[in-house]
Amino acid sequence: MKIEISDYNGTKVFGISGDIDMNSSPELRRELLDLVVRKVPVLLVDFKGVSYIDSSGIATFVEGLKGMMPYGGRLKFFGIPQGIREIFSFSKLDRVFEIYPSIEDAFNR
Amino acid sequence: MKIEISDYNGTKVFGISGDIDMNSSPELRRELLDLVVRKVPVLLVDFKGVSYIDSSGIATFVEGLKGMMPYGGRLKFFGIPQGIREIFSFSKLDRVFEIYPSIEDAFNR
Amino acid sequence: MTKDTTVITVPSHPKYLCVVREVSAKFAKVNGLDEAAVEEIRLAIDEACSNVIKYAYRGDTDKKIIVRFRMKRNGLEVIIEDNGIKADPGVIRGRDMDEVRPGGLGVHLIRRAFDVFEFDERKEKGNRIRLFRELRR
Amino acid sequence: MTKDTTVITVPSHPKYLCVVREVSAKFAKVNGLDEAAVEEIRLAIDEACSNVIKYAYRGDTDKKIIVRFRMKRNGLEVIIEDNGIKADPGVIRGRDMDEVRPGGLGVHLIRRAFDVFEFDERKEKGNRIRLFRELRR
């Protein structure tokens, strides 16, 4: 897994590529919670390059979201490949996370 | 491995995808020699979808070429991915096979 | 050796989970399972092995995990063995899926892919998990 | 178990070569080898196992091939074992590379990836091939 952190019109973007699993999710957790403690208002997560996610990856995002809720921060996903989309819907977390088709949608809504 | 046989301006094209290895090369050999016994004048082979080739795949093409030489048939490759290109050059067979960048080049020359 | 059996032994370090995943997926694929099944199986075996690392080995990264794949007439059998702390199968339960909290998803993903998910009580030391997926389902 | 050892056992059917290839590539990758090295290793181990099927087992598809990977301080060791017909290491020679004929390429591809390619004479029945690739080369 690799995380590239960039900026879209002033909003932070995580561009994640590769496999998110028990081996890599601790790094994702560090990067995510690092922004959460600094109360990032909005974080866009680009899933286009994600080839795999397991329950440790999902748990990491749940933890991130729970950390953002108290201060009203928003965690927005976009570009989720079909196979990974299915894991979100299987776990009923597609009702909890904000999921958008594109970065523009994620940014504007 | 999958082989799709098509036609380009009246010339036969093999579109190969997936891994060519000891498991799949017998099928490639059958398809190839089937055309060779019928003295196909030109065969274009599209490597774009080939993800892997081992020595049994290489040997199969050498056998096909050797079958075509006596009657002046031509075996032309195109769209070879970089990693596979390296195996042809390592084995010095890039000097033996006709290798072209695109189907147009392969067809016209 | 029985035809269509494959065994992989890896250290209990999370970096080897990707090795187990690839073996799982390729084994299922070469034995004719369709793409959706292959992906479910890949994920389920990863989850089961992650739990071995977390619970049986409490994070020790230099123990052994053995995964044995066997294609039978009626389905795919996967046996996962460790020699760590014995599990209490009674406490293995996923979370309520309507509850939003980190964790508790792995067991659901294992059950999604496999019709049978059981601990073999005959094993003396460590754990032997047996997974079975029927071909017709 | 030694840290950083992985063992895969597959039937001697060519359909399982893709399983061995994936394990080889992932093992090399998680242990830090670069992409070019990973691809050389993937191909070399496939070639060595193909030869086991062809020569040691003469095409029998339900025998066992065992491949053991071990990351050492100075390089990657791969041991391939079978219990087929003993090889005569003297006859194992690739073709002259300037000759154009089918076959005889596998041994060259094995030697390209590995600095050591030897048969362990101590093995009583079957063959044990030892491959070693130095990290600095």
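By written order: A, B, C and D. Residues from 1 in each chain.
Here is the rule we use: a residue touches a chain if its C-beta (ideal position, glycine included) is under 8 Å from a C-beta of that chain, and two chains touch if they have at least 3 such contacts.
If you're wondering where the values come from, they're calculated on a predicted model, not measured in any experiment.
Counting hops only between chains that touch, chain A reaches chain D in a minimum of 2. Taking each chain's centre as the mean of its CA atoms, A is the chain most distant from chain D.
For the pair chain B and chain D, the distance between C-alpha centroids works out to 26 Å. A straight line joining the Cα centres of chain B and chain C is 41 Å long.
Averaging C-alpha coordinates per chain places the centre of chain A 44 Å away from that of chain B. For chain C, the set of residues that touch two or more other chains comprises 13, 15, 18. In summary, the structure contains touching chain pairs A-C, B-D, C-D.
Interface residues of chain C facing chain A in the complex, by the touch rule stated above, are 13-15, 17-18, 21, 39, 42-43, 46-47, 50, 53-54, 97-98, 100-103, 105-106, 108-109, 112. Chain contact summary for the complex, chain D toward chain C: residues 1, 3-11, 13, 15-16, 18-19, 22-23, 26-27, 30, 61-64. The part of chain B that touches chain D in the complex is made up of residues 19, 21-23, 52, 54-56, 58-60, 62-63, 66, 83, 87, 90-93, 96.
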